[in-house]
Every structure is written in C-alpha cells, then in structure tokens.
Amino acid sequence: MNEVLATGRRTVPRWMATPESITAALLVVAFGVSAAFVPRFLDAAYLLDRSSLYMEVGLMALAMTFVIVAGHIDLSCASILALVGTSIATLHVKLGVPLLPLVFLAPLLGALLGGINGVIVAQLGLPSLVVTLATMALYRGLAQVLLGDHSVSLPAWFTGIERVAIAGTLLPVPLVLFLGLAVALGLVLHKTVFGTWVFAMGTNAEAARYSGVPVAQVTISVFVMSGVFSAMAAMIMISRLGVARYDHALGLELDVITAVVLGGASIFGGRGTVTGSVLALFLIAVLQTGMGVANVKAEYQATASGALLIVAVLMGNCFARFRKWTASKGEGSCSGS
Amino acid sequence: MVIPMGEQVPLVKAVGLYKAFEGVDVLKNASLDLLPGEIHALVGENGAGKSTLARIIGGVHTPRAGTVQVNGRTVHFHRPCDAIAQGIALIHQEPLTFPDLSVAENIFIGRQPRRHGRIDWNAVHREAAEILESLGVKIDPRAKVRGLSIADQQMVEMASALSQHAKILLMDETTAALTPSEVERLFGILRQLRDRGAALAFIGHRLEEIFEICDRITVLRDGEIVGQRLTKETSIDEILRLMVGRPLAALFAKDVKHAIGSIALETRRLTCAGQFSDITLQVRAGEVVGLAGLVGAGRTEVARAIFGIEKIDAGEIRIGGQAVQVAGPRGAMKKGLALVPEERQRHGLLMPMSVWQNTTLAIVDRLARFGWRRDAMARDVARIGVKRLDVKLRGIDQPIRELSGGNQQKVVLSKWLATKPKVMLLDEPTRGIDISAKAEVHRLVSELAAEGMAVLMISSDLLEVLAMSDRILVMREGRIVAEFPREEATAERVIAAATGQVLRE
Amino acid sequence: MNNRWRLVEVRELPTLALWVLICAVTALVQPKFLTAGVFRSILLWIPLLVVVAMGEMMVMLTRGVDVSVGSMMGLAGMAVGIALRDHPGIGVYGAMVLGIALGATLGAVNGLLIAYGNVPAIVATLGTLGAYRGLVHIVSRGVQVDEYNLPRELGRWSIDGPFGQTLVPWVVVFAILAAAGTLLFLRFTRVGRDIYAIGGNPEAAWLRGIPVRRVTFLVYVLSGLGSGLAGVLYASRFGTINPAAIGSGFELIAISAVVVGGVSVFGGSGTVAGVVLGCLLLGTISTALTVLNIADAWQGTTYGLVILVAVIFDHWMGTRFRKA
Amino acid sequence: MFRKLTLLLFLVTGTTSCQKREAASNPGTTSVAAAASGPVRVVYIPKNTGNPYFNGVVAGLEKGCKELGAEFFTTGPANPDATSQIPFIKDQVQRGVNVICISPNSSDALNQVFDDARTRGIKVVTVNTDLVGNESHRDAAVYPCDFDTLGASQIELLGSLIHYEGRFAILSSTTDAPDQNYWIQGMKEALKNSKYTRMELVDIVYGDDKPQKSRTEAEGLLTKYPDLRAILAPTSVGIEQAAKAVEAAGVYPGGANARGRGVVVTGLGTPNQLRRYIKDNIITAVALWSPPDEGYVSAYVAVGLATDKITAQTGNSFDVPGFGRRGFGKNNLVIAGPPLIFTKDNIDQYNF
C-alpha cells in the first residue's frame, strides 16, 4: 500500500484526490470487473431488481449524510425504521386504521423519534454517539414489545412497491424515489441556507453559533430528517417484504454509516457530499451483487465491507497528509526565496 | 549593543529559530541564551512571537530552521516529553489541568513517585502538600481540580513545574490571572530558584513586574528579536519603544471630532454568577468605549453575555433604549449587535472554508430567497468587505486558513460589518496580528464610530485602549471598578484600577 | 478521610440505589428471586460482561469507543474452540493463552488504526466489527464447535470453583481477577493515571509529556485482551461456540454497563467499582426480567432507557460543575 | 492515476482469490457456466451458516445429488433474520439454478421472491420448515418426520423418563416459530390423554435459540419451580443450555443438589451436541430425526421435480433408495422418516 501511495504522489492531480472521485473510480472499476468476470451479472432487469435491496439503506444514507456532515451520528436510524414499520402495521392490522393515511403518518412518527434524539443531543449537549446508541436499543425494544416475535402481514395492494416500474421503463419505483430525493437533498445540502448551516456547524459548532447559526435548531432538524427518511425507508421495506417485524433492518445502521463514510464524509463533520454517499451506496451494491452472483460466501462479503470502510478512511487520511505535505513544501520554497 | 555574558555557559542556547504557521512567519531568526541563575524576560506585543519561542524550547513546536542546545548539546525536540526529559518545564498561558483528577495528581501526572513499582500515593500527597505549602497556597492536594479558580489552577501548574526540579523554567504569562499578593509569593519562589542556579524565562505584559523580578529583558517584535537589555541598565520607556517600534504618538488614534449620539447599548446591573456582577454600562452611537482589566477579570464574559452566549442571572440589557431579551447570538444579531470574538480561530472562523463563505456566514439567510442561497450576491458582499478592509489574498475563494492572522481578523470584521450592526462588541480585536493590520483595524474602528456605530472594545493592549477610546471602563474581579473619560485616562491610572492598587499621584 | 480507599464514589450511589430497588421490587413480586439459584445465575451472567467492560471502560476513559469487542470475543472464542478441537494437545491453559493473545492482537489492529492511522475510533471499530465477525465465519467455515469437541476441564470452570462446586466458580474468579487487575493498574501505575489524564484533557496530556499515542494504542490492546479472555470464558460457559452467536451484540451491553457504571461519556472519569456495579445492574435486570416472566422484548427497551437515564442524570449532576 | 489503478487491481485480485478459495473448499462444485442442457443445479440455503443442524442436511443433500448426477452447492446468510435470505435467493435465481432448497427464516416475508423464482421455472422446495399458511408459494416441502405426531411422541418420551408423573416446563425457541408452536400444540393435545393425567405443564419459556437467553430462561425455570421434574426443550440450542443449567446447578438426576429424583432434561437435539451429557448421565434420552436422511430425501424430491420425473401433487409417490416409497401428503408435504431416540447405548452410531 505504502509503495503504491509513494509512487503515486507526484502523478495524481489534486482534484482526483477528492473523496468522491475515489469512490466514483472504485465504482466504475467494480462494475467493470463484475461485468467482465461474473457471468450473468450484466443483466439490466436483474440489477434494477436487486437495487431495490439497497434503497432503504440509500434513503437513510441521504439523511445520514446531513447528520454526519453536521458533526453527529445517528445509530438509531435502523431501529426507527423497525419501530415505524411495526407501529404502522399494528395500527392497520390490529386496530383497523386505514393504511393510506397511515403511510402519510409514518414520516411524522419518524420525525418524532428522530426529534427525541435531536432534542437530547442539542439541549443537553450529550454526544450523539451515546444518545443514539441508547435510543437504538430503546426503539428496537419498543418495536419488539409491540409485536413480539410475530410478523404482521400487510394487504396485497400495499405490497411489492419494488415491482412497480415507472411507466414505460424498467426502473422500479424505490430506485426512482431514491434518485429523486438524492437530487433534492443534494440541492438542499449544497445550495441552501440550511445546508450551509449544516456544514458550518460540522466544521466548527462554536464558531457557527457565534456567527448566528441556529445550532440547536439545525441539530434537531438533521435528526428529524434522519427519522423521516428512516420512516420512508420503513414504508418501502414493509411494502417490499409484505410483512412488518421488529427485527427488520437489524444492524442496517452500519451499512448506512459505511455508505456515508465511504462516500468521503468526515465522521468529525464539515465534509461530505450527497453525490459521494450515493456513489458509495452503488459501490456497495455493485460489490455485493457481484460477489453474490459469483457465489462468494457471505462471510467474505462481511469482511470485505468492514475492510472497505477502514481502507476508505485510511486512504482519505493519506491524501490529507499528502496534501498537507505538498502545502508545506510550497510554503517552504516560498519563504526560502 | 553587546551585553557581557561573563564566564557563564548558557543552560539553553537557541540559535536562528524560524517558525511559520499556515504560511505566516511568526518567528524569524530568533536566538536566545538562558543563563543559570538568571531570570530572563521575554516581552513584546501580542503576536510578537514570545510564546512561540518558549514553546519551541519547550518541545511543543518544532522549528523550521535553527537549533536548540541544552547544556551545550544540540537537541531535537519532537514532543513536549522530549523537553521535559531534558529538565525543561513550560508553564502555559492557560492552565493545562485535568479537571477530574486531584490536585496532587495534576502536579505529578506522568511522574508520580513510586515504590516497589507502584505509585506511592502517600508520597504523592505528601510531596504535593509540601510544594503547595512552599508556594503559600491553601489548596487541598486531594481535592479535584474541577471547581478551582483560574488562579489556583495556575498555581497547581506552577507546583507541577517546581516538582520536576527543572533546571530550566519557562513561564508564559503566568501572572496574568494572579492577585498582587500571589504574584509576590510567586516572585519569592522564582528568586529562590534563581539563587539555586536555575535558568528562568518569564513572559509577561506588566513591565513593572518584569522590572521587579527580571535580570535581563529580550524584546521581540513581529517575530524578530529587536533588542536585549540588562534590567538595571534600561528603563520602561526604552523597552516600550523597542516593543512598539515607533514613537507612541504614531499609534493610530480615534478621530474625536465627530458628535456622539444617543445611547445605543446599555446594561443595568448585569450579573452572571461566578463570572461578573452588577455591570452597568452605556455605549452611545459614535462612541468607542474601552473595557480594560486583567485577564480573567470578566470582560470577555460580559461581552458574551450581551451577545446572548452566556446566560444572565440578573439585570437587563437595553438596545436603543428598549429592554431586550437576547436569546442567543442569532437573536442578538437581529437586534443589531455584533461580536468579534477573542479567540479568532475557535469562535470566529471556519478554517477550511473560503473567504467569501466566512464573510457571509452570518448573513447567508438574509441573502437567500426562499431558503436558496444566492452565491453571486454573497460573493459581491465578500468582495466589498475585502476591499474596504484591504484584505490581502489571492481571491475570495481562497481558504481562510491560508491567510495571515491580521487578514483573518479583517475577514471576521467584514463578516460582522456585513450584518450592518448598530453596536459592535470587539474582544481583543488586534490580538496576535501584525502592526500594519493593527493600524488598519484601528482606522476602521474610528471610521465606524464616525459613521455612528457604537463600539465596546475589550483590549489588554493598554496603548490601544488609551488611543482608541472615548471612555475607558476598568474591570477587576467581575466588577466595573473605575471609569475614565479620554482626557483623564493614563496608563498608570488604568493599571492601578485593574490591579486594585492605590496610586499615589 | 482517605478517599483513595473509598470504593464507591458519589456518582455510583444512584446506581447502587437502583440496583437495590430492582432487587427489592423483584423479590416482593417473586420471592423466589432471593434464592441461591438466582444469585448464582446472576453471578454466572456477569463475568463475561465484567471482563469485556473493563477494557471498554479504559477505552471510554480516553474518550474513545470500541464497538468491535463482541466480534473480537467471537474470533478469540472461536479460535480457542477450533484449537482445542483440532489440536487438543495444547490444553485448556494453552488455549486460554492463545485466546487472550489473539484478542490482544486484534485489539492492537484497532489501536494501530486509531492511534497511529488517525482513523476515528468509531469508524475503525465499526469496520473491524464487520471484518472480525466475517473472519469468525471464515475460520470456522460456518461450523460450530460443539461441547463434546472441548475438554471437560474447560466446561468445569463454569461449575467448579477454588472451593469446590460452590457459589463462586472459576469464571467468576477470573472476572474478579480481571477487575482487581484493572483496578490496580488504573490506580497504581503511571500509565493507568495517564489514561485518565488523556480523557480529561487530551491536549494538556500531550503538553505535559504523556505519550498519548502509545497509551491510546494500549487501551485498545487491553480492550482486545479482555474480549479475548471473554471469548475463552464464553467457551467454558456455553460449551457450544457458534460463529453467529458468540459475542454478537455484546458491544451494546458492554457500553451500557460502562455508561451506567458512571464513566463519563466525555472521558476522564469513572471507576472500576462503578463499572462492576453497572455490570451487576444489567445482569440483575436481565435475570429479574426472566424471573418476573416479563417478555424478553422488554430487555432492549430497558437497556436503552437505563443508558439514557444514566447519561441524563450525569448531565444533570454535571451542569453545576461544568465550566462555560 | 497509477496509485488508484494499483489499488483497484489489489481489490480485484482480492475478490478473485476469494472465489478460488471458495471453489477449493467445495470440491463437489464445478465451474459455474450455466448450460440449459447441463446437469440439474440444486442450491440449498439454510437458515444461517454455522448452524450444525443444517450441516447434516447439507451432507444428505450432497450425497443424494451426487447419486442423481446433479450439481449441488450451498450458500446462506450469517444471521437468521427474516429478510437475510432474500439477496441469496435473488442471486441464485440470477445464477440460473434449477431448484432452490431452502429452510426459510420467515413464513411470509419471502413469498414475493419465491414467486419470482417460480415464474422463471425454478422449483422451490422448503426443507425442515414450511411456509405455514403460504404453501402456494413453493412447490413442495420436506419434513424430517411427521410433525403431526411429533408433539405426542415427545410427551411419550418425557413420560417414560419421569414415570408419567411430575411438573414440567417447555423451553422453546421463539414465540412465533411455526414448527415449535405446532409441536407444542400437539403436546398439549397429547397431555389430555388419561395416561398423562399426573403430568403437569407449568410453563413455556422462549430462549430465542440464543445460548445466553436460553441459559437464563432455563435457570429461571429452576428458580421459579423448585419442584420441577423436567424440562422439555424441542430445540437444539435450548436443550443444550438446559442440560448445562441443570449440570451447573447439580440438580440432574443423581446430581449433588438434586431434590427427589432430580430434573430430567429431554427434547430434540443432535447427538454430537449432546453426546457428553448423555454419557455423563445428565440426559438420559433425547429424540431427533436424522438430518442427513432429510437432506437425502430432499435431494430426490428436488432433482425429481426439476427433471419432471416427479410431479408435486398430493397423493403422488416416488422411490427413494433405502427409504422405500415416499408420497406427497397434504400441501405437497413429504415426510422423510420416523424420529430417532438417542440413548447412551446407541449414540455412538450417529455422527451429525
């Protein structure tokens, strides 16, 4: 590794060292390799169908990008998904509440659960890691209390959203929804006042506060967003699976965080892009799909994912050091003259 | 001027040190000898490079060029523990304590006395008590440091340095937070150490203190050593002249010709428990009010309370004659307040971001339409700010961290000017910036006052306060203890009020 | 008063009170709670947790976090099982050394990444959480090690104690030794004090000449070491070492115990006694829920609530002291 | 650029070497090239990897497929979550297998994926666990023994061990495991028989098939019911932890702390897992069917369906060498054979 980086030093232009371009390049190569070496990988219908497996992670990763750029983390997103899913299904199946209004109620419930995280973090100044670790257990536990180990089936008309394609195309609805929201959130993060505040807060929360950024409100907002997107993911997941269970999306928060960090966001905040997260999500999807069709065992896939996360961050650190090194060189030569 | 060194071999010999931060030279070709049995003062304005010099010798920073010799041997310090191993103790400007550990542990951390391979707690507490006793402070060595006053924490650090039995002791503004009696006690200890043959370096601002305790004075200005004098052969005036580098009269002074308007900012019996109490002050439109006092007197806290950062326990704030509730900086901003904070990098700037983003951070929502940023407008605002303050940069897209301290400060100022405030709170606006930027800031403050802005300026730079203020308020231990109109203010009177000494005239 | 021998700090009193309350309520509702069997059940529940929590505590004292403890425990336990199955000659003590050494090695990888690779602790250990768990499946080839593959002696550790088959089996003795060792290490060695100093004020620690990187590296090694020992104890207690089951989800319980035990989420303060008390509290809650016939579903909810209450309580206590 | 390429190369070689290793560890697997006219390709997806029970099933399937000239391989998720099998099913469908044999983790969450597979002509055979209530989403199911009578046979086994007298509790896996509930229902029915009037079922607890949880529940039973005569655990994880609990407490028949005749543990478990307890007299007898036999019969069903030699229809029957004729019962259910009872005397004959 080191040799590679050492020889590469002088040849890589600075723009290529941006985190998203690394992710994009990895994506292209992963896709190319899978297409070339894995039989039956290159099949549009299959790939689009399998992409549905990642849309829940994707939706949560969009919101998680905001959370992480703002300098926080939300470990409870997958538990919110489970709790919202089980609550909505229970309300419908056990209490007979019509499903359609419930689908629109779901984001509100998600907002409430995310809001609890946000208020505790913002008002008490506790680390989001610990707070959301607690609510991760709490929300998942409540879902389990609600439904026990039972699954609740949903009516046929509601199930199978991932098999509904946009008219005239093969594109499944969740994929289109995800891409649409990705564009929207990308614009919000990079083009609006709110996005600027998120970046400012993640870069230096104190300085942001001194500069009139409503830090508490922004903190609560990003957690509410995370809750809302987890709730949307919940609706898609229970539609896709046709049932709601307390253990849905168990451990999925790891995939979500992996996607965001792999997409170049700094876990310390202040750096990250929606594009990066989207690219990283597709990178994970392509790698897992490729390995799956190639019959690589699940355990190798898990190891590869964990290693990928660490390697991505290590590479980021190397690039940062490299940039600093070139900068200090420049400084040295300037003042030496 | 050549000063006879005698026969003594210096304990520390620094030769030709260079250091730069973020592309800004903070130390240029600095050389220094610390002799055994001598207390050596390092003086200079803020940002002159005194702390950097001490920190290089203390192993905190690595110089870009130059060498440090200890006992005649060249050493290369990469981290503080390398210097500590050589018998060098550095006491920092702000106390470096571990709040949840006991006083005794804070003194001995990393060097606890051991017996049979395990820490001998009895010895730790006994020795800590002895050292504290010798310093004459009444602190329980078993008490946690959390909750001690800044002065006590400073004493704990002093005790830690003494416990190292260091031959070389570097003190960076150690007395700033101490009361006169504590200072006297400290000086007694320092003299003892000197008499035992230690080499001491003393960084300070109060020249009277320095003339009292130090044997030799080195003056730094803009990162360079501009002079070295034996105390007994020089005068305060001469040192001041060396520090400033120009006759005092050349310092930019506020234009006092224009009229002063109605009250823009007023506080009535403002109190914040443990920080300050009963602060009543008024700042009129077009007026510059200087807030002087020692470090830790509560001045920064007052500014922060007015700006809504610190919670107020009692009293009221009136803006433009109206009593207001300031809910956080955002609320303060909406009411026409602006605060240029003391710690520029920590509270004022987003270091990785560009100049234009920093300039327009406070008004990003004002420039927006339906939540959408309008970057073209923001960049125009930034360009105007850069032009007005004459910020030196490659372009407004340059990251702020690449700018020099003075230019960074100008960007902070232009950020707040962009909010079009009625009242400006300036907390140490010229700390750590070079002379030309300082003059620029002074010119701007004067201009703003002439345009009718009310300015409350906190500064530890006495010359600045005297030159810029229409009125000077002096704080000591959380209270306003004196007020001088411009005509009556002198350095001696302000210092006397700030330190609580009776001045005989 | 000599507060260095005071085992229970003020912070731990509410935890103690809560524990007494839970015991009292459970005993009132179900008097059989106060039997030797239940006591034994709690005693057997917590050794694994204590051993892991000691390492996690040291990590959290330095303001870090280690979420890979469950996976390290899994990998070490699995390696021990495989070693004893395929090479019974190494003996249980050989296997124990192997498990602990492997745990320490895995922890060292975390430590290298965090202390020397500048990878944030949460990212590094999230990554190794997945990677190590994958390795458990790889080295085991997805096959569990069964009780009959393991020497009797290993299983007897969970039954027999130094005083015969009494209330205190060997696994408990190991846990007590681990806790006592941690206590002595944290209290009577310079490195132990450095751990507190780093968490209390990392910048000051560096400026005061504490080898911050080395100590940071060390705490992750120790966390791995504890997890490795826990893997061995797991093999003893449960007999069956299943690649998916061993240690999975344990990080949540360990972090809960540490936080509930009064270690500050901002690092720098916390005691061994508090963490042991936290382990005891969680073990008691788990057993009490079973004895009271409360659905297992409430367990997660309870843990989540307990952590939240603990951190909010700490905050409430701390606001009076914290500096602006 | 060079740096990135090298890194990618590294990643790529890493991936391919994984493939190779994968192939090496499964010598029975040949190249993946899918030919329409080639051998029948059968995949088996267990609930999760690392579960010893399914290793027996795999062995039987492998043997059966080999005899029939079919290609066999197995893959599966690490965790038995309701949804964890979905990507594996999708990938196998894409790889073009002919039969998916699966022990489903959920009786309803997989319906859509199965429908997808079947519209592509792939046969779906559930093994060991069925899609209760959703039988129309698979082609056939193979049960290791007759689940209708299993509950009764467990009660009879237990009764014979405790002389048809005393209080006992059931330690099950999860609260909505369909098989477990079905068996427990069968047990309750059987208890109405006058033969068992002096046996009383006092509690049913759930260990979720997790060792820690099962252990805590078993210990809880011993605490709550000091006069407990037996624990019946019809799950392999549960029975082992129950055995450990009585061993640790010393309350097994003949144990140091046993009251009266001690606490009997029985139920369902594999011989390998329980060998030590049976030899140590902590468990006297335990039942289970033979997972390899189950797998073997499944292979005949799978390959037969794929080659159209068998049609899955209630009443149809077919030959399995060594097993005689097996038939499709209600809902196309095939029963592999009768349960086995393992005791000290015969346990060494079995290795699974």
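Each chain gets a letter, A, B, C and D, in the order it is written, and its residues are counted from 1.
Everything below uses one rule, namely that contacts are C-beta pairs under 8 Å (C-beta built on N, C-alpha and C of every residue); 3 or more make two chains touch, one makes a residue touch a chain.
Computed from a predicted model, the values in this text were never measured in an experiment.
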Required minimum of steps from chain B to chain D, each step between chains that touch: 2
Common touching chains of chain D and chain C: A
Between A-B and A-D, the pair joined by more C-beta contacts: A-D
Chain at maximum distance from chain A, centres defined as averaged CA atoms: B
Separation of chain A from chain D, taking each centre as the mean of its C-alpha atoms, in whole Å: 36
Computed distance of Cα centres, chain C from chain B, in Å: 45
Euclidean distance of C-alpha centroids - chain A vs chain C, Å: 30
Shared interface positions of chain C, touching two or more other chains: 133, 137, 142, 296
Shared interface positions of chain B, touching two or more other chains: none
Contacts with 2+ other chains: residues of chain D: 49, 78-79, 206, 208
Touching chain combinations (by label order): A-B, A-C, A-D, B-C, C-D
Touch list for chain D against partner chain A, complex: 1-4, 6-8, 10-12, 14-16, 18-19, 22, 32-34, 49, 73, 75-79, 81-83, 86-88, 90-91, 94-96, 106, 108-109, 111-112, 116, 174-177, 206, 208
Residue ranges of chain C in contact with chain B within the complex: 3-4, 184, 187-190, 193-194, 196-197, 200-201, 203-211, 264, 268-269, 321, 323-324
Chain D contact footprint on chain A (complex, rising order): 1, 4-5, 7-9, 11-12, 16, 22, 25-26, 29-30, 33, 37, 39-40, 43, 46, 49-50, 53, 148-151, 153, 159-160, 163, 240-243, 245, 247-248, 250-251, 288-300, 302, 304, 315
Complex contacts: residues of chain C adjacent to chain D: 30, 32-33, 35, 37-38, 40-41, 44-45, 133, 137, 140-144, 146-148, 152, 155, 158-159, 165, 169, 237-240, 242-245, 248, 286-287, 290-291, 293, 296
Sites on chain B touched by chain C in the complex: 60, 79-81, 83-85, 90, 92, 96-101, 105, 109-112, 114, 118-119, 121, 142, 146-147, 160, 275, 301, 310
